[in-house]
């Protein structure tokens, strides 16, 4: 171990190199805020931004393997870093977790991910909700939809109406991960929390083969009939642009789309609406970013890591950061009055612990998740009997 | 009978100077022109996109000329686009890219030429088997080899350093560079090499004074390939160069590539074109090295 | 004298030491490493828990992998064929002492210089029905024109062919141009005297003489084709659905995002199998011929 | 069967004027041999006739048609390149048959011609080889074969037999002559071999530095060279040149010689006197016991069927050919006579024949 | 100054046995001329001596050292390639100086040698040109020059003068001879030119199909060929072969001839009788009024300094050389005599000299 440390460029006491993938303008601003706060707290932020989550994580892992680890690296609050922990490649931040009483302020699904064998290995920073229904108020008006849909059936009805007036009902980017989002929206909103958990968390074969799940899959496929021909390959923001221009009615996407609306000077609640869950008890699917701390014995680096952990969860950092990022704070004790209406809605829902559920990646290994994604995108894009899809999912999620 | 008379009488064969517009030549130009249109169409779209505002781009007519021409994206791409917490555009990586690209172009070309030369002319024992393995290796996706290479480089203290990334580029370019030169040298008359050996030329001397000067066309092609490859490389630079040497493409990708952030297509296009200017310059000036008949007059028969 | 003697013998061998090191350490090493990993149950990191051929079984049980193989087969054939033909034609035509040769050469080469992350997007736009070429042609007064390969499960792979050919043909042109220029003028003269039509000269004399360059191009294109990845990611992300998935993307997804390097390695190893099957007899034959 | 007519021809190669103001008319069916020192422009001229390089001035007429700018393929020409220019990827057979196949010559006919030519050139066992696996002379023969199978109207041969052994060369020389008689085609033939020139040519053209010096039958060029250059160029060993004066009695006087030249036929009318250069071919100097002049043997070169003996006569060295089976010792004094019936006289200033 | 010794040499090229079991010892300072029909393996042999192709059997010794596997550069050899093999990217000057520069010869010395050789080869005005801008003969001279400047121990010349005009060739032949005398180097020289062979060689080697047929001085090989092949190969026009019988009185009898050969020196002892082939060189047949035999003139070839007259005598065609300034008409009957002092006799079955 010591000989490997030799290879690393020694980081002077306070310097902290952080690998992250926040590179777009809005993300940069958010990252800059953290950096600023970190600096204020006495640290020195050395920025290594790498676009693309996979890419950034791969670099972080390789840097660790190459004995030249960063001080901290961004991961998602998912099982992504489980292997690193098992290989003993990460430092824990138990001290900070204890002193800041994470158990109390962080949502349960997130705690379950970052706490491994009783140790805390990551600092979560935000909660993105992936399965928001965004809709264009102008489009809804044009189609004569007065009321915000409050169930999946109403949603389908609204979409039919949109279709009838020549508006593309669902603005969809035809990329596998976006299809997974639609699927999760269906599973959460139609299947409800129980089915969601038994399929995604418990990987219960019975549940997967059940009629209820079949219904979810059929609804998922039905969604596909609401998209336009140009959807395959489209980026999510181009889909959002369709909402902005009124060409399309609804988009199911994470809360980062707010950045697009903002760039087009559209206001939540006025120009577009956001629905976190169609029903009162639809689960709120938590996804988020977190930072992990590669193993090092250098006390000053450990120091820097702990300082970063503190800064990241600092309430004011949390608030300002999440405003910029479009997500909501990870801590439940932040005053959100200054946030936009969608964020406030989200925060409100988060108060209900029973609605807090992790996204699939929190429960599935990256591999299982990927396999699921492959099946779903194939199902979305081709004609596959739903029974076959059920079978495929069952076998993909089997151990 | 005077010359002019003869020409007047038999106009069947006009002078070559005026012959350039035969149907065949028209066909050639027609083909080249249509090919050029096909090749340029994407560039056209890139260019118009790069001078449109995002609002206009959202409207979605990709072919339309900008209603409001703006140079902003170009300035932004070069000087102020965010690539992390720094918002200094892609220029910050320019020098890094140069410092990687220059040695990573020259060294692999020299090594490739050297290998090709050794393989075609000296044929050391077992070299062909090595070459065979090398060529098979060229089919392995680069990414698969990253992990073991990181290990190896770390063990020799070259990980995350300029020599490290140059070495990595050298490794990954070796099959193609060797192949390029080996096959090129196989077309050079072997007798030249023999003559040089009689003249007392040793391995190095023949290589430098005889073989390299005859290699200019292929060196240019190799330079085109290698410079472009290295210049556009992203993943290797990212993994191996170390944070102080991150190439421009990392900034470029940071500008372009985002999953959940906003995409500024106009800036992306401007940044892409800006980044490609260095290889493009090489392409443009490379013409004079595509010399004709480099071995002309060497051998009879 | 004796030392000099020895020196002369050693130098050619010494010259390929870098190549030997790279070949043995990097390529052979990486291949062996991949093979080893592919027999383990490694996830993010290589482990020593061996599971036999389980990963391979899993691989060939995977619809996406099977589809990827199918795709890459179609793609490789088309891509190599079209790139070589187009590149060759461009080289030949540019070699006819045309005007503005330098500009044309750059025009054909420039796609190669552009990061495909951006140009891939442009191609995606151009090929997307409703906004791209289809839209433009409709505007030009052909309302019935459809060009929707990129959203067509069965045809999407062809769009990748189009875009990658666009990217690579210029390089093929440059390579072949360099070779064309190396051909002795006298051969041309002889052929002209023989009254052989120009196209026949190319087919019967020049192309055979270009064989080494063609071999270079062919191998070069094969390696890029088999490793096809960036373009797919930039243009279709493997979609629609999994219709344009390719092995390298499968490997990369599992290498990074899906943290299953064992499966990824198994995929990489499987990529080599056809290559070795094709290349080995050739290498063997060559070495035999040399011995004889 | 076609005549070739060059008028006022000028050729530039990379800026150098290689050939200028050249006029040459080759009759149909003629066998014209081009002679000239290395680098004088013979190959260039052939390439121009074939249409392979552009002329910078003048015109080329073949079979009565202006072909100055015609494509080589339209000129109905068969050519043997000095550098052979074989198609490296084709077998010998393919090399020879390629043009015919393109022309659509029937298969049987192609085969017949190939076999005939291959037989004649002793290439039959090599038909399946590629040029790279041939010896120099074999390659040259393939080059000849490729031209011959075409049975063209005009043949251009650029030193076609230079790399062949004497025996084969003699054979082929005869075959070419026969072929020429059969085909009645026009042949323009570059050679450095005097025997070839003398035996094949209907006329010989002697060139120097891109200019024609003399055109004439072999005998005429050999016996009545128009200037010193031609005189010195033809013949091996070369003509002996002896500086001297012509006196009023048409008697040539030099340091070592004094000859009565009253029977000499002057090229131009008018009186000739004063400084002249006498040209005597070695075979016109006979070493015999009753020779008028004396010399000392300085070198003897046995050539198999004859000897070349070099004599020192005063300051002058002369060579002579001796056919008798005699032997000479270096330093030996001999006497020799000069046959004046075929001598030449030149003006030392203009170098022209008198 | 170095001797070259080949023992039991065997060479394969792509599986064909080109040379087998060849033994040859070249003395130091010798000028050995290799003769043989096109494709017999002369170039191959030179390449092997130079170390450019690997031998499959036997050994090569140079200057007393076994050099069979030595590097070409260690053999101290200067070579003129049949195909020239000029360095295309270098000027004529650079081409010639390349080897010297490698050896580290001082600049001034290089310049001196280049100038000397260029002068001798008439290359001085071309020193700055690249090979592509040279004529065939000029290229060949550069190839010669490149070898000569090296002043090596052993020179290998592969038809070095084949593409030069007769005059230049005569000059260079003499220069080479001089140079050889000066340098005392060993020269192995391939040529198809009989004059070169006869004038330059200290010994001639006649090869056929990779085998040596005869080694000897020019006179010996010319006058006492060991077999029919050598006899027929040397000499132009070729030796006349006449089938006949030798009777007990050593009298040769054929359809048209009957010669007393009692003074003939047989190669081997023992009695010779029965079928033989008589070899008579054309110059040994004299057309004279008092000739014993009669023939009809079928062809007359004027060669400038002599005539070749072909006679039909019975079924036999014989050629003879006529030096006198006589003219013959086709169909004319002439009588001729045969000089029996230099005839050869061969066994028609073994083809060996009797």
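For reference, chains read A, B, C, D and E in written order, and residue numbers begin at 1 within each chain.
Methods note: a contact is a pair of C-beta atoms (placed from the backbone, for glycine too) under 8 Å apart; a residue touches a chain by one contact, two chains touch by 3 or more.
Just so it is clear, the model here is predicted, and its values are computed rather than measured.
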Separation of chain B from chain A in steps, with touching chains one step apart: 1
Intersection of contact partners for chain C and chain D: B, E
Interface with more contacting C-beta pairs, comparing B-E to C-E: B-E
Chain centre separation in whole Å, for chain E relative to chain C (CA means): 56
Whole-Å separation of chain centres (CA-atom averages), chain A against chain C: 36
Geometric centre distance via CA averages, chain C-chain B, whole Å: 15
Centre distance in Å when chain B and chain D are each reduced to the mean of their C-alpha atoms: 54
Per-residue overlap in chain D, given as positions that touch at least 2 other chains: 71, 74, 82-83, 86, 136
For chain A, residues that touch 2 or more chains besides their own: 53, 55, 58, 65
Residue list for chain C, restricted to those that touch at least two other chains: 8, 131, 184, 209, 255-256
Chains grouped in pairs wherever the two touch, ordered by label: A-B, A-C, B-C, B-D, B-E, C-D, C-E, D-E
For the chain B and chain D complex, residues of the former touching the latter: 1, 3, 6-7, 9-10, 12-16, 19, 300-301
Of chain C, residues touching chain D in the complex: 184, 186-187, 189-197, 200, 204-205, 208-209, 211
Residues of chain B defined as touching chain C within the complex: 24-25, 28-29, 31-32, 35-36, 38-43, 45-46, 49, 60-63, 111, 114-115, 117-119, 122-125, 127-145, 147-149, 152, 170-171, 174-176, 178-180, 183-184, 186-187, 202-204, 217-218, 220-221, 224-225, 228, 231-232, 234, 249, 252-253, 256-257, 265, 268-269, 271-273, 275-276, 279-280, 283-284, 286-287, 290-296
Complex contact set, residues of chain A against chain C: 53-55, 57-58, 61, 65, 80, 83-84, 87, 174-176, 228-234, 365-367, 369-371, 374, 377-382, 392
List of chain E residues in touch with chain D within their complex: 13-14, 35-39, 41-44, 82-83, 122, 133-138, 140-141, 158-159, 162-170, 192-195, 198-199, 218-219, 222, 232-238, 281-283, 301-306, 321, 323, 325, 339, 341-342
